[in-house]
Structure formats: structure tokens, C-alpha cells
Amino acid sequence: MTDSAHPQPAAPSAGLSDAGRPVAFRWPVRVYFEDTDVGGVVYHAGYLRFFERCRTEWLRSRGLDQQTLLDRHAIAFAVRSMAVDWLAPARLDDLLEVGFEVREARRASMKGVQRIVRADDGALLCSASVRVACVRVPDFRPVAIPDSLLESLTA
Amino acid sequence: MTDSAHPQPAAPSAGLSDAGRPVAFRWPVRVYFEDTDVGGVVYHAGYLRFFERCRTEWLRSRGLDQQTLLDRHAIAFAVRSMAVDWLAPARLDDLLEVGFEVREARRASMKGVQRIVRADDGALLCSASVRVACVRVPDFRPVAIPDSLLESLTA
Amino acid sequence: MTDSAHPQPAAPSAGLSDAGRPVAFRWPVRVYFEDTDVGGVVYHAGYLRFFERCRTEWLRSRGLDQQTLLDRHAIAFAVRSMAVDWLAPARLDDLLEVGFEVREARRASMKGVQRIVRADDGALLCSASVRVACVRVPDFRPVAIPDSLLESLTA
Amino acid sequence: MTDSAHPQPAAPSAGLSDAGRPVAFRWPVRVYFEDTDVGGVVYHAGYLRFFERCRTEWLRSRGLDQQTLLDRHAIAFAVRSMAVDWLAPARLDDLLEVGFEVREARRASMKGVQRIVRADDGALLCSASVRVACVRVPDFRPVAIPDSLLESLTA
């Protein structure tokens, strides 16, 4: 399997640009049996896993690998708060498109917005705002994002 | 194993009473390996699973079994929105106490507040507000809560 | 996002051919925070989720969509038994390649083998044999695989 | 909430004694929405989580807390192999009884058997054999179980 076999981020969306600097990022997610529940739809907490995959791939697209952050810097990005609206259910086999866009970056935290749409008709299924903080592992005290990383995040 | 081997809800807390009618409900949850992540703490979406266990046990304490709701009434309670604050991390082996309190009950939806504290020192780890709607399965259209159930929920 | 943004199965491997008919199928899986545990590696049950994604994509590659199986045929493929060996741990951010190969197909069940290798060095991390049965939903009684599907599965 | 509100292990079963020394251990598990899938039953990998909760509580019943093992000894018990049979499905709201019994204890690993029965009728839903090894974290190399722990495990 070559790298080309792995999902590639969709091109940045012009529609979600922020002050002329396109930061919107989208990542495809497929719904599997593991994601569903007896109601016949994706279990509500599962959308938070999808949101996190998208944030992780956004970091990766900027050259940041979280295992490296843990190993070299002993830091992680911890979710501090989310407001989530579940608007319509995703179902088994649905192909979803998960988005992330930074709205505010500070020394030790970031705010962003996320949404999940069904790929085949663009229906909005879930939207969220999220605040993540840079924390030291293992004690989870907030710390400033190292300068070398901050450049990657805000470039 | 007798019923007495299963976790029993703690007594209603006087401190969380609502208009003189104590509705607060608490449920113990233990943190296992499955709940943790490489950061050494409970994965953030896992707290939503804990919140849902507590709401389910609150329903059960009022005589409502969700499998029966699905089988007899073809309804489920679907989470429509949550606002969640993660304040401090839970860790492996922690015993947590998860709370739920109804704040508003309507014909087809309910609002409530939830929190998770660490049992051994009472530290508040996570708090949330939640809105759940009564929906018809499998199409997830909002429906009124059947009268027979409404009595159990608001008694 | 176009279909091309979604992961594509790697080409069938000649090395895993069965009686001259190559049936091996491989699917890429990325390890996220949700998959890890406090030990710093993928939680052991998580590999079963990866195996199932691969089997699902194998079905999809043959034109079978499990939501359709549920809706039109009221059947599902239920796992009856697995023997799993965890050989070396996968870690956060690892790109894995999950494989599936049918070894025996009967009227109402199938046997196969699966493995998970780390994409960057080919290290074998986990291997398994699996038996899945065709069952009727919701009572889970074993049923014969419909002829129309059987052709797709064994072609 | 007092400790008495938390589930207590059932008394050891005479029927599963091993060489005159009863080692069987049982732990109650309730099925929640999070555990189910669109097939209407518990997702197959979920049973492995239930098995692990039972092994963890077995360790706890012998005075071993896995967070302490990680912090003080930098060791964990990693699952090396399992053979699992899923015999009948568990459903939402089912109360299950999960069992564990050691069959062989070595310097650096243990073998045991596990089963899950439905509490209300004793139906056997899932059975497994499991081998766990003592490993050093974070490199997961096998190590001998410290003498101080071995006494607790085999007493």
C-alpha cells in the first residue's frame, strides 16, 4: 500500500475562509458497524470521535504528529469545552465529510468550529464549537504552545 | 448474582433539589482501560458515554426500560444538543459519580444538567447541559412522549 | 469532496492467493487517540474494530452494502468466533494495513483470515481467524446467504 | 455515594473450582446504548471490553490496581491471544454476569477462561480463553511479574 492509498484531505474550501486566509479543513469518514447503535444510527458520542480525527488530520497536514508531541514535548491538545448540535442522524455505510476551522489561536489554547455533512447530499448532520488547550502530560497543566509549533499552526 | 450485587443509585441529593422536588440522580461509574487514551486519562468522548449511562439508569429508576420503548413504542430519546466542559481529567481505576437532573420537561423533549465528580475527593471533573428529544425509530422524527411515559418521567 | 478523496483498497496481493484465485483484500486504517489506551498503545479490542472495517470494505468492493442487506434482506453477517494473536502494539498515528482473505464459504457462513501490519515497515502486529454467519435480524437465527449475494461473494 | 453503592463481586462459584482452590470470579455488567449496534445487539468487540472489566476487577479484588502497576512498576498486563465464541447476542438493558478463572500462572504470563451469561436466565452468550502477559511500559517487552504481585495473584 502506498501513501496514495490513504485518504487525502479535500482541497481547502474557499467558502470557509477566515480573513482572507483559508483555514477550513475537511476529512472523509465512513460509518461502520462499530459507530452505530440499536437506534439504527451513529451513537451520539461517536461524532466527537469523528471531530477529533479531523482535528488530528488538520494537525498532520501542518506537519504535526501527536505521538511526536507526546514523545518530544510531553504535550497534548486536550479538549476543554464543546457545544454540539446533533441535527440529523448518520447511518451505517454513510460517507461523511468532517470539517474543522480555527477561529481563534492563543498562546495556550485554540477555538474552532466543526461540522459533519453527509457526502452524497451535503446535508448538515452535526455542528460544534470546540476549545482545545495545550497541556503538559501527564499532569495536564496548561502550558504555552512551543514557538516552533505555533508557527506551523498559524502559518 | 443477585440484584443486590448490581450498583444501586445513591440516594437523591438534597443539594440538587429543583423547586422543592428532588430530582437529582447519581450513578457510579468505574474507569477501565477501554476508557483511557495515550494521554493517560479518559478520552474526552468517553464522558458522554458515562453521562448516557446515568440518564439510562435514571429512566430505569422510573420504570422505563429503553429496549421496551423501542419494542413497544418504537421511540427513543435522542440527544439533540450538549454543552460540555472538561475541567479535570479522570484516570484509570477512578471511581466516578455521574449525576443527572431534569431542568425542563416538554411534550417531546427534556433539558437537564449533568456532572461527573471523582468519588474519593468530590472533585468536579466534567459538567454538561443536555437536551434530549423523543423521536420515532427508525426515521427519527420528533414525536410527543406517550402520556403513560410522561407520568413516570415527571412524577 | 469526491470519491477520489476516500481511501481506496490496495491492489489484491498475489502472495495471498487462494487456489489461483486472488481474494486477499487490504484496507488502510490510521490510529487515532480514540483507539489508544493508557498503556500508550491501541486498546486490544480496537483491533477487532479494524478487522471489521476491512471485512465491510471487502463486502463493499463486491457491491454489498450492509445497510442495504439490513433494509432489503433483513440479514447481517454476525461474527461467530475469532482466534486473535496480538504480536506487537500499534501506536498513535501509525498507519496500518488490514487484510482479509476468505478461506471457506458455505451456504450460511464464511471463514477467513485477517492480519494487521504496520504500513511503514510491514511489521505484523495482529493476526486472526474469523468465522461469520449470515443471520436474520432481529432474531439472529442463521439463514442461508441469498443466492443473489452468494454470487457476489464468491465471484 | 458510599463504596457500598458500587457493584460487589458475587461470591466465588464452587462449580468452577480448580484443583480444590476456587478461583472463579464474576462481575455484573449492564448493556447500554454505547454497547449496541444497528443489528440491535451488542457489537461483537464490546464483549472483549466486558471481559477486560472483569479481569480488572479480579485484579482489584486481590489488591492490585492497574494505575498503581503503571506508576510504581511501569508494567501492565497485555492481552496476547484470545479465542472467542459468540453464541447468542446480548441486547440493550440486559444485565450480564462476566466470569474469569485463572487456569495457568507462569512467571510472566497467565492463561484463563472467561464467559458471559445473561443474568436473568443464565443463558451462555459468549465464552473465551485468554492469555495475558506482563509487559514493561512503554516498550511492551515481556517481564517477570514482580514477586510481591505474584503472591497476590496466586494466593
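We call the chains A, B, C and D, going by the order they appear; numbering starts again at 1 in every chain.
Simple rule for what comes next: a contact is a pair of C-beta atoms (placed from the backbone, for glycine too) under 8 Å apart; a residue touches a chain by one contact, two chains touch by 3 or more.
Not measured: the values here are computed from a predicted model.
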| item | value |
| --- | --- |
| Greatest separation from subunit C - chain, by CA centre | B |
| A-C compared against B-C, more contacting pairs | A-C |
| Rounded Å distance, subunit B centre to subunit C centre (Cα mean) | 34 |
| Subunit A and subunit C, separation of their C-alpha mean positions in angstrom | 26 |
| Interface hub residues of subunit C, defined as touching at least two other chains | 33-34, 38-41, 45, 49, 52, 67, 70, 91-92 |
| Contact graph of the chains (line, ring, star, complete, other) | complete |
| In the complex, subunit B residues that touch subunit D | 1-2, 5-10, 26, 28, 30, 32-34, 49, 52-53, 56, 60, 65-68, 70, 91-93, 95, 97, 119 |
| Contact footprint of subunit A on subunit D as seen in their complex | 33-34, 36-41, 43, 45, 91-92 |
| Contact footprint of subunit B on subunit A as seen in their complex | 38-41, 44-46, 48-49, 52, 67, 70, 76, 78-86, 88-89, 137-138, 140 |
